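What follows is a single structure, written as structure tokens, with notes after it.
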Amino acid sequence: MLTRMDSFQATIDADGRIEPRDAMPEGYRKTLIRQIAQHAHSEIIGMQPEGNWISRAPSLRRKAILMAKVQDEAGHGLYLYAAAETLGVDRAELLDLLHAGRQKYSSIFNYPTLTWADIGAIGWLVDGAAIVNQVPLCRCSYGPYARAMVRVCKEESFHQRQGFEILHTLCNGTPGQKAMAQDALDRWWWPSLMMFGPPDAASTHSEQSMAWGIKRHSNDELRQRFVDMTVPQADILGLRVPDDGLVYDDATGHYTFTEPDYAELYEVVKGNGPCNEKRLAHRVKAHEDGAWVREAAAAYAAKRQEAVA
Amino acid sequence: MLTRMDSFQATIDADGRIEPRDAMPEGYRKTLIRQIAQHAHSEIIGMQPEGNWISRAPSLRRKAILMAKVQDEAGHGLYLYAAAETLGVDRAELLDLLHAGRQKYSSIFNYPTLTWADIGAIGWLVDGAAIVNQVPLCRCSYGPYARAMVRVCKEESFHQRQGFEILHTLCNGTPGQKAMAQDALDRWWWPSLMMFGPPDAASTHSEQSMAWGIKRHSNDELRQRFVDMTVPQADILGLRVPDDGLVYDDATGHYTFTEPDYAELYEVVKGNGPCNEKRLAHRVKAHEDGAWVREAAAAYAAKRQEAVA
Amino acid sequence: MSDLFDYTVRLGDDALIAAQRTAEWIAAAPQLEEDVALGNIGLDQLGQARSLLQYAGSLDGRTEDDLAYFREEREFRNLQLCELPNGDFAHAMARLLYFATYQHLLYEELRTCADETLAGVAGKAVKEVAYHVDHATQWVLRLGDGTEESHRRMQAALEALWPYTGEMFESDELIGRLAVAVDPAPLRAEWERRVLAVIDESTCSRPEASYQHTGGRSGRHTEHLGYLLAELQHVARSHPGATW
Amino acid sequence: MSDLFDYTVRLGDDALIAAQRTAEWIAAAPQLEEDVALGNIGLDQLGQARSLLQYAGSLDGRTEDDLAYFREEREFRNLQLCELPNGDFAHAMARLLYFATYQHLLYEELRTCADETLAGVAGKAVKEVAYHVDHATQWVLRLGDGTEESHRRMQAALEALWPYTGEMFESDELIGRLAVAVDPAPLRAEWERRVLAVIDESTCSRPEASYQHTGGRSGRHTEHLGYLLAELQHVARSHPGATW
């Protein structure tokens, strides 16, 4: 007779989907919770650097697009927390872990947005990198996560095009606008490459995640895919990728590029980035400022419940 | 033998100065406290409408001049509270009365500053009116108040010239700047006329204050003096005073003008002006936010005292 | 500039300034659902602003961005209610209740006006603001009848903003002259009926005010608008003539 | 643009942005004496900024206002320490202690440099900032050794701003190339000695930081500067070419 765990392994081996009520190893569950939570946290922390430019967006059309984008990120946060909740944790717990600094979010959001062009660069590079990371997750072995990712990826590819379009407009605008675009690429290029995590040789969680069908490609593979996809787009924009070592290799059909400074990545992950404190403090403040509202909603709901009973 | 009160009256009659240790009728003391406190409160509340433009002053030179002006107002507040303190009250008490809405400040500060030109208009009109009100107070029968006023008036005439100069520059600038100046005059003219208080027929405290040598001229006299002084300056600026009834009377050498809408004045005095709430709330917030600082300073001073003893 | 331009700008500015304030809540709301909801509401308001300012601009050869980014504070015609700083979440919901209920009554009439464009904008917007009213209503009830603290805050917010509601119903010469304009004065009774019904149900007491602020329709604003516009306009004004 | 321009702009921007933040305290200080004192300090800082930006501008045909009002955020070269929002009064005094002590050491050296103008500005400024140091010192002592609450706030402020102090002492190629420039790196030891002596006496504990922010000298700022500049520059940018 098959044990419930055998059935888990059989599903994984057959590239099928694990659903919430299926048996799963505790490590699988924990890995997924950690990853989905980190992903959800990244969505909501990621609202801040872009939200920083809503009030100052230089045209009403761009303002509307940006508001919608940041709002989409809140929505992604909702789906992802819901996906995590199918694994037996709840959102409030996960938020507490985030606020206590015990769960992470993507380090890319610890860099500041200094000009309007950064909004273009984030859409183009950061959402671009996110898509490269996330498209394989649409085939992740855990059903609720895979389905959330399908929806997320669809919206993100839309965001990525919008980011590219912002930069395209700047690159075809005044010299000041073009310079702003180049400056944004200069600042966001390396942090974007680091979004794929440490190099494979130093990557800790990867092997088991691959075996479980959570992860499908190595960090370095995905990073290469991102570079190959992005460099030709930079050419279209007429922007220079800030890497003197960047060369197209005719033999492999790939770009060779300089590795980012992972020491910086480790520092930012540890909390030592330009905006780590600001991002977390803003998030915690919003949460604490809203405590009385959530309490009121709960109290009101309880009173209605009583009235009905 | 002369009583101490006879001596008070004799000093008043001889146009001499009453000093803190001299005997004085309780009514005299109370009237002075009320008037000096209101004057001090006006200085510190008056910092707000102008302070509103320090961060946005359109040139560094103007920013410096404005900062210095607003700082002078804080200084005037200090002299005036000190003058009031010679009458046996203390600043903290007076501030509490202000914060509780039980003592007033000049209603002119309950109008908003909406453009940079308002900074010019306030200097020119509001400081101009203040000077007309205050120059006679330099001869007030109460010594400490009279001496404080000498210093205040000297600085205010400086401020008045600066305000005029701001408008003069605007009036000789772009059409947009000139329009801004006219708009400011349109909005500040009537409130400035009301700075002299209700018309003589309706003025409550005036007669006794005149007898005591606190007040030297009636509200309407001072208002006329202000109009006579200001209208030719408006002509120099090339601005139109917003009063269709304004005519120069060759026979009297004075301008005839339309009386302001005193109903509005009474409303604003009662608390019903555009910025009454904002001004008081800002003041109370600064005071409350600073409470822990004042407590710390007192605690520290007490510790030093102890250490010395 | 025509009366139609002036009238359309009033409505457009209300929506634009409201959207700017609503957007400040994004990434700062009490819960994630509310980030989404306020994002929606802000987007609706911004959409209304754009339609209206595009239309106004079309009447005198300007774009929506010319009007939003290159007018001075004194040329803005929005209600002061829309420009006040956000305050706490109770203030946000009080403002939304007051403002959206007004917009709903206004748009309901405007959608049958003789100007096709205005009628069209109003027809779309009336559905959006019905949702805003509903959202605000739910929160006013929850906060008013939630905890002691939320009741206190809700009451304070309802009172603080009440003196800015009179301005919504002011008629003036422009309204008198322009046939397509909706006279807001007669909307007041129904507005009060609706708003007070919510306040009553919320267990809050009805606010009173001895003073009603005014001036927005003639460009006399609170001191808050200048700062809002500095932020709104700074990038655009730093690159005159640029396309974005 | 020359090295001398770049260097002078660094010092000028420090003073300008510091002045802008100091001025925000006016009419909001804990007591009237402090409104006066902070007004004085802000005026000193603004005066230094003007002298320095006038001089920088004279090197390439611009005015102080061109530099203050018509540069973009990425062209500003001030320390991030100067642009951080004010926070509470303890933060104001911690920043002033850190910044003015640094300025004092810097100006002391600069006043003997070979550039007469810079030396002259520094000679005047060094006296002003000595007063700033003294004022901040008095308050750090009072707050650190005042009440429990003030001690807690003072400690928090000293710690919150410490990660922004490393930037003051960064040397770079410009400093290496420009003979008149004061190399700030060697000033660090004396700065620490002075500042830590005050902190020790205040009964606060010495702050530590695992991270030091950087970037201001190359125009990479915090997200706060953009808002500060929007406010600072909005009127001037709204009337290009106007005289004030």
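Before moving on, here are some points about what is shown:
Which chain is which? They are A, B, C and D, in the order written, and residues in each are numbered from 1.
One rule holds for everything that comes next: a contact is a pair of C-beta atoms (placed from the backbone, for glycine too) under 8 Å apart; a residue touches a chain by one contact, two chains touch by 3 or more.
This is a predicted model, so every value here is computed, not measured.
Common neighbours of subunit B and subunit D under the contact definition above: C. Of all chains, the one whose mean C-alpha position sits at the greatest distance from that of subunit B is A.
Ranking B-C and A-C by contacting C-beta pairs places A-C first. Subunit A and subunit B have Cα centroids separated by 58 Å. If you average the CA atoms of subunit A and of subunit C, the two centres end up 34 Å from each other. The mean-CA centres of subunit C and subunit D are about 41 angstrom from one another, to the nearest whole unit. Along subunit C, residues 72, 230-231, 234 each make contact with two or more other chains.
Along subunit B, residues 56, 176 each make contact with two or more other chains. Taken as a graph of touching chains, this assembly fits none of the simple shapes: it is neither a line, a ring, a star nor a complete graph. Every pair of chains meeting the touch criterion is listed here: A-C, A-D, B-C, B-D, C-D. Residues 16, 20, 23-24, 26-36, 39-40, 42-43, 46-47, 49-50, 53, 64-65, 68-69, 88-89, 141-143, 145-147, 149-150, 153, 231-232, 234-236, 239, 241-244 of subunit D touch subunit B in their complex.
Residues 49, 52, 56, 112-115, 176, 183, 187, 267, 270-275, 278 of subunit A are the ones that touch subunit D when the two sit in their complex.
Residue ranges on subunit D touching subunit C, taken from their complex, read 72, 227, 229-231, 233-234, 237-238, 240.
For subunit B in complex with subunit D, the touching residues are 44, 47-48, 51, 54-64, 67-68, 70-71, 74-75, 77-78, 81, 91, 116, 166, 169-170, 173-174, 176-177, 282, 285-286, 289-297, 299-301, 303.
Of all the residues in subunit D, the ones that touch subunit A in their complex are 72-74, 210-211, 213, 215, 220-223, 226, 230.
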